[in-house]
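Listed after this line are the structures, all set down as C-alpha cells.
There are two complexes below, and they share chain A, which is joined by chain B in the first and by chain C in the second.
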Partner chain A sequence: MTTGIGGDRDFVAEVLAEPGGEHLLTCMSCGTCAATCLVHRYEPSFNPRLVLRRAGLGLSQMVLSSSEIWQCSACDLCYPRCPQRIHISGVMRAIRTVAIRQGYAPPGPFPEVDEAKCSGCAVCTRACPYGAIERAAREIDGQERSIAQVDPTLCQRCGLCVAACPSRAISIAMSLAPFSDGELLLRMGAGGWLDRPGWLAGGQGEARILALVCQWSIHADSDWAALDGLQSDDLRIVSLPCSGRVDPAMILLALSRGADGVLVVGCAEGECHYLRGTYQGRGKILLLAQLMQQMGLPAERVAFAESAALDRAVLPRLVRELRTRLEALAQPLPTTAKL
Partner chain B sequence: MVDAARHPQVEIVSYAEVERVDGFIGNFRAQVTQKPRYVKTDLCTGCGECAAVCPIEVPNEFEIDLAPRKAIDVPHGQAVPLIYAVDLDSCIQCYQCVTACGKRDAIDFGMEPETRELEIGSIIMATGFDSFDPSVIPEYGYGRYPNVITAMELERLANSAGPTVGKLIRPSDGRTPQSMAIIQCVGSRDKRYYEYCSGFCCMYAIKNAVLLKQANHDMELTIFYMDIRTPSKGYEEFYNRARELGVRFIHGRPAQITEDPLTCNLHVVAEDQELGQVIELEVEMVTLSSAAIPKRDTEVMSSRLALARSPSGFFMEYHPKLRPVDSPTDGIFLAGAAQGPKDIPASVAQGSAAASRAARVLSKDTWEIEPVIARVHPELCISAQGKRCGLCAQACPYGAITVEVGQPAVITPAKCHGCGGCAAECPQSAITQDHFTDAQIVAQLDALLTDRPEEKIIAFMCHWCSYGGADNAGTSHFEYPSSSRGLRVMCSARMDEDFVLEAFRRGAGMVLVSGCHPQDCHYISGQQVAAKRFDRMARLLQRMGINPERFRLEWISAAEGDKYARVITEMDAKLKSFDREALIAETRAARPAIGKRLARWKASPLMVDLLSPAEAEEVLA
Partner chain C sequence: MDKIKLAVYWASSCGGCDIALVELGEQLLELAEVADLVFWPAAMDFKYHDVEQMPDGYIDVTLFNGAIRTEHDAHLAALLRAKSKCLVALGSCAMEGCIPALANIQGPERALRRAAVETPTTDNPTGVLPAPCSALPEGVLTLPQLGAQLLPLGDVVPVDYTIPGCPPNHDQVWRALQTVLSGMLPSRGAFLGVDPRTVCDQCSRVREGKVHVDRFVRPHEIIPDPDRCLLEQGLICAGPATHAGCGALCVKANMPCRGCYGPPDDVDDQGAALLGAIVAAMDGQSDAETRRVLGTIVDPLGTFYRFSLGASLLQRLQALQMGTSPCLHAKGEEAHV
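And then the complex of A and B:
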C-alpha cells in the first residue's frame, strides 16, 4: 500500500495549536519512546513514534481512524527518556482532542456502574488516576441520587475503580476484559491450585506462593519468558493490569484456601503505568497486614514489592525472600479455617 | 609536540595556570602561575627511577582510572616535557624518590608556586574538550553496571599502550567479550543534556568497531544510531567497509540497558526502525559514545580572557562562516575542540589557520584598526566624579571598556569594534562614536525631517543587517512606499532612545528601529542591548504623549529585502490611517515634554554648538 504524502496541513496545524501538541514536529524518530513503551509489548501495533510521525506528515485519516491514538495510557515512562523532550502523551492527548472534535469516538469497553448498587460515595472518583469518574445526579425510582459516571475519553481501563468500590457496583464486562474479578479468580484457582492444603498446614513440597504481578512491572520481555519457567505447583503467577487492582478479599480467599503466602508486585513508585496505582496497591497490602494482625493472623504471609524498569530477574528473588519468611513461621498457626 | 619542545623559539609552559590576561592585540600581558612539580625542570632527565621506587599507587587519570600510577609520575609515556611531578595529595613523603634520584638531585620538596608575567602578542586558545559523564542517564546504567563503558575507556582498553596492552577485557570478570553494542549520541543531540551533534563520534565508533572486528572476527559488533554522519572525504567509504566486515548497524536509539545480575551481561532494548519492531539484544559489553562537551574551566577562562561563549558553551568565533578561527577579541584565536567539537583533520586545519592568523599579528610593528571607534570625554563621565555607573562597560561586547570609581571610563581603542552601544547607553552622553556622533545623527534627522515631517517614516538601520535588507529590497526591485527615510548606524545598540524621541519631536510620522536577528549580530550582543532598551520604548512614548503605534521594532537580516518592504508598507498604511491634523497636534502637544527630557543631552558641550537659536531657547526654557 502506498500512502500519498500530500499531507493534511490543517490537521497538523490543529494538533500544533492544541495544548500539548506543540512538540509534534520536533520528533526526530529515534525510537526511544517505542522501545520504552509498555503498551507496545501487549499491542505491538501501537508505536508512539509512528503515531507522531504519521501525524507530523499530516496523514490525518490514518491517524484519526486508528485505534492506536486511544491506547497510550499516559504513564509517561517515555517522557523523561525523550532526547527531544517531547511530552508524548501530551501530543497523544492533543491528537485525541482533535479526533473527538472531528467525530471519532474512543473504543470501549469501559467500566459499567450498576446504578442500583452505587451509593454515590465517590471512593472510585478518588481512586481513578485519570479523573475519569465524576458523580452525576440521577433520578432513580423516583429518588434524586448521585451516581458515579465514567468518562470514556479519559478512562484507561486499569480497573482501580472496580477494586476500590466498596459496594461492588463497578464492573468490567467479562467478555471484554481479562481482568474481571471472575477471570482473576479463575486464573488463581486453575487446576485446583486453591483446593490443596498449604505447606504451613502440613502440605507437601515448598511453601505455596501466589504472586499477583502487575503486568507492567516486569519490564524486560525475556524476564516474562523466564517467568513461564518459574511456574511450578508451589508458585502461581497471575498477572494484573496494576497492583492497585488487587482486591484484599481475593488475597484472604487465597490464604484461606491453600496459599501459604501472597506476593503482590507493582511498578516502582514514579514508574506506575497508571500513575497512582502502586501507591494504592501498597496501601491496600499495608492495611490488609494490619487487619490480619488484629485478627491474630501472621502479617508476614502477605508481601508487597516494587520492581523498577531497570531491575532484572526480580521475581525469583522476591519469591525466595517470601519463602524464607514463611519458613520462619515455625510455630503452628491458628487454623486457617477462621478465615 | 617534540618538535615544538626542541624549537629554539618555542617555550612550553606546562603544569601552569593562566590567572589573568590584560591588554590588547600585540600587547597582551598574562599572569601565569607555575604549579610546583617538586622536581626541578632543568635537572630531571626523565629516567623514571623515582617512580620505580615510589610505594604509592593511585588511579591513573590518563588511563581513565583503569590503571595505577605512582605518586611521582609523568602523565603518560609520550608526555612533553618529560618531567616527573609529585602529586602531593597522595605522596606520603617517604623520600625514597629523593634517594633514587641521587646525584641528579632533581627532587625538591621545598618548591613553591611561582607567578610569572608574560608579554604576548597574540593568543591561541586550544584548550580542548571534556567527555560527557553518562552516569546521569539512569537508563544506560553507566557507573552501575561494570560492563557499560565509555568510548574513551574503550580507547584505553583497546590501545596497545594501554593498561591491558591492547587486550580487550570486561571489567566485571576480566574475560574477553565476544559481543559488544556501541550506542551513539549519548548526551549529545539530546535536549536534556547537550543539544548539538558531537560530530566525530560516528567515525570513532566505526573505527573502534572495525579495529575490534579485525582483531577478532568472531566478535559481534552492533552500533545503535539515530543517524550516521560521515560527511568528510573518505569517511563514507570507511563506513561501507565496516558494513562489509560485518559490523551490524541498527537504526534506533536504545531506550534502556538492563543487566543480568548473574552473568553481568547486558540487555539493550531499542526499536529497530528498519524492522519496525522493538528488539532486545544481549551483549557482553556496551560502549557509550558520549558527547564531547566544553572543557569544565571554559567558563573561568572566558571570564579571564573576556571571550564570549556560544550557547553550546564552547568558545565563540568572530563569525561562523567568514572568521571561524578568530575570537571576537582581536589577537586571540581559537583552535580545535575549544571552539566546538571536531575531529582530528578539522582540528589540525584550524590549528594551522590559527597559527598563521597569530603570526600575521606578530609580523607587524603597527596594527591598523577601523576608524569607527568610541571615545570617552573624561570631564563628562560620572565615574570620574566618584559615582558608580559602568553602564558602558556592561554594554561593551568586547570588554574594551574599564571603569573604576573615581576615574573616568577608559576605552582601549585596539579592542573597540565600533558598535556604539556604549555611546547610546551612557546616561551622561559622555561617550561619542567617531563618524556616528550624536551631533551627526541629529543633523541627519534635521535634514530628513525638514519638509512635511509628519509624512515621513524614519528608519534607523544597522549597517550589517537591516541596511543590507533595505539595499536588498532596492536591488530586488521590491516596491514599497516612498515615505521611508533611512538612517544608518553601525549597530542597533547605537540607536539611542533619545534619537527616537528627537525624531518625534521634530515631527516624524513614524519611527522604525531595525537591527540584526539575535543570533546574527555582527557585534556579538549588540542586538540584545538594543532589544532590552527598546522593550521600554512603548511605555516611554506613552508617557511623552506619543501614540506607541507610531513606533516599531523589527529584526531584518541582509537577505530579507521582502521583509523590509513589507514592514515599510505596513507602517505606511498605518501612518495613512492616522488623521494628519491630529498627528501634528499630538506631536505639538508632546514637544515640551520631550524637549524637557532631551534638554540635558542637548545642553551637553558636544551638542550645544549644533542647536539653532530657536532650539537653544527651547532648551534653556
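And then the complex of A and C:
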C-alpha cells in the first residue's frame, strides 16, 4: 500500500517511526481484524481496518481527531489472525503517541498516583495488563523513593491498578469520576439501596442482589434498556470497566450493609478486553468465597459468572440463579440437623 | 514539673507487649524520672481495687495491651477508660484482635475444647472444660464468661491513640512514649510510633514488577533469594498491605512480612487489601490456571488476616450473621405461621 495523493506524508512518517508503527503500511485492508475485534462487536462504528487505512492514506486530521484511536483496548485477539502479522494494537499505540505529541488529549480520566502514599510496592505494575505503570526513582523531601507512574499512551483505563493498590495510593483522582471508588459507592446505592435491610436479615421482598457487571458484558444502550425492567428494589446493577476492577473490600462492605449477594459478571475466557482482567476478577471472587467459607459464612453470597461477547440476555438468568441459591440459605434446616 | 501517672494493663494477650516495654531497658529509668507507674500487673504488685478507688481521670496515660475476650477484660477496659485521661491501645491485640482473634473463626466453644482437651500436650481424660461456674466439694469456682467474639479494645470503649505491632518494636514504643510525654499529641485516633506508608517503603529488596507467580509457597518450602522481592518469589508477604513502622524487620531476616502493624492509612480491611495484591501477582491466563495458582495458597483466611481478623469486615459479617442466624433459618417457616 502507498500513501494517498495529497495525504499528510509527514504524519505517516511519524507513525512509521514510532515503535509498533512500522507495520502501518503493510496492511492490505482485508478486514480480518474487524471481524475478530471485541470492541467492534459492541461499538460497530469502531473498525481497526478503517483506522489503519485512513492513517496509511495520511488523513491525519481525520484520524487524530477521531475517538476511535482511543477505543482499541489492546486485547490483541486480532494479532494472531492478521495475515500480514501486523500487531494492530502496536500501530494504534504509535498513532496515539503521535496524537498526544500533537496536542490531542486522550480521553481520561487516568489513574493518578498520590506520591505521599505510594510505597513503590509494585503491586500496580504487576496488575496492569499493558505495562502502562512503571516505577521511577524520585527524590521527595530529601529522600530517594520509588514512585509508580502511569503512561497515558499505554493506559486503557481498566481500573485494575486502582482495585489492586493496597495503599489506596492510586486512584481516579477527579471527584466522582466514572469508576472511581466514590462514584461506584454512589451507584451501589450508599445511603439508599445499599443501606436497606437485607433479606437474609429479615427484610421484605426477595433476596437483594448487587450485580457488578463488566461494561463490555452489557455495553450497548439496547442492552441497558433491556435491563431497565429488571432493576428493582431487589436488584442493583453497577457497571465496572472490567470485572478485574472489583475491590474485595467493597464487596464485603456491600454484604455487611444491605446486599444479600454480590454477583460479579465478567468476560468469557479469552474474550477479556483487558487481557488478563477477567482472571483477576475471578481470582478475587474465588479467594473471597474461600475466606467466607473458612469464616463460617455462606460462600454463596459472592459469585462470579461469565458473559460471553454475544450473550446479551444472560444477566436475568444469572441473577435468578443466584437468588435461588441465596433463598435456599433461608430454608428451614432438615429435622435431623436441628437436633 | 509533676510526674505523669502511667498505667499498663494486659487483657487477652500473650505478654509480648509487656516484654516490649521491658525491652526499653535503660530507657525505663528515664521513664521513671518523668512518670509514676500507678498500675502494671505484669511487672509490679497492684490490685484491681487500687484502680477502683482512683478518682475518674486520675491516670494520665494507660497503655492497654490485649484484646477483649472475657467479661472481665471488658470490665477492666471500661474501668481504665473511666480512670484515664488518655487511653492508648498498645499492640495488635488491642488494636485489631491479632492472633487471639483467629479463634473467632470457629468460635469460643471450639477454642475452649481445643485448648483444654485436644492439644497434644494436654492430659484431660475426663474432657472437663473451664466453665463460668464449677461446683466442687471445696466450694464454687468462677471464671469470667467468654464473649461470642473476641473484640479489639476500640469496639468496647473509645480509644485515643494506637501503637500497632505484634509486639510493637521497642524503638517505636519509646518514640510513642516521648510523643505522649511531650504533650505534643496528634489528633485523636492517630497511630503513634509508626512511619508513613507500608513495609515495602522500608524494604530494600529488588522488585521486578512484572513477575507473575505460578505457585505460592510457604517459608519452609524454599530458601528465598535475599535480594529479591519475597512476593515475586511466591511467598505471601503482607508487606504491601502493612503499615510501616517496624523497619521491615522480618524481611531483613529473609522471612515474609506477616502483617502485624495492621493496614496502611485509609485502608479498613487489611486482608482484602492483601488479597488484591496477591491476585495481582499471580500468573493465570485461563480460568483453570487461575484456580490452580490460587489453590496453592494454604489457609488464605489465616494468612491474609493473621493479625487483623478482629477488626475486619469478615468479623462484622460474622457478627451480623450471629445476630440474625435464627432469621436465616426461620424464613421458610414464616409461611406456616
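Following the convention adopted for this analysis, the second predicted complex is superposed on the first by the 237 of 339 C-alpha atoms of A that agree within 3 Å, B and C clash if a C-alpha of one lies under 4 Å from a C-alpha of the other, contacts with A are read in each partner's own complex, and residues count from 1 in each chain.
By definition in this document, contacts are C-beta pairs under 8 Å (C-beta built on N, C-alpha and C of every residue); 3 or more make two chains touch, one makes a residue touch a chain.
Computed from a predicted structure; not experimentally measured.
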Chain B versus chain C as contact partner of A:123, first or second or both or neither: second
Quick one: classify A:269 as touching chain B (first), chain C (second), both or neither. second
Is A:196 touching anything from chain B or chain C once the two structures are fitted on A? First, second, both or neither. neither
Just to be sure I read the superposition right, which of the two partners does A:256 touch: chain B = first, chain C = second, or both, or neither? second
Touching A:160 in the superposition: chain B (first), chain C (second), both, neither? second
Winner on chain A touched-residue count between chain B and chain C: chain C
A:54 contacts which: chain B (first), chain C (second), both, neither? neither
With the two structures laid over each other on chain A, which partner does A:280 touch: chain B (first), chain C (second), both, or neither? second
Give one of first, second, both or neither to describe whether A:93 is in contact with chain B, with chain C, with both, or with none. neither
Just to be sure I read the superposition right, which of the two partners does A:31 touch: chain B = first, chain C = second, or both, or neither? first
Where on chain A do the contacts with chain B and the contacts with chain C coincide? none
Within their complex, chain B touches chain A through residues 138-139, 141, 185, 189-192, 226, 251-262, 267, 269-273, 276-278, 280, 282
Chain A contacts chain C in the complex at 116-127, 131, 134-135, 145, 160, 163-168, 200-202, 247-249, 252-253, 255-256, 269-270, 276, 279-280, 282-284, 286-288, 290-292, 294-297, 327, 329-333
Which positions of chain A touch chain B when the two form their complex? 28-37, 40-41, 44, 47, 49-50, 78, 81, 83-85, 219-222, 309-313
Footprint of chain A on chain C - complex, ascending: 105-107, 196-201, 207-212, 229, 239-241, 244, 264-269, 271-282, 284-287, 289-291, 293-294, 297, 299-302, 304-305, 312-318, 320-321, 324, 327-333
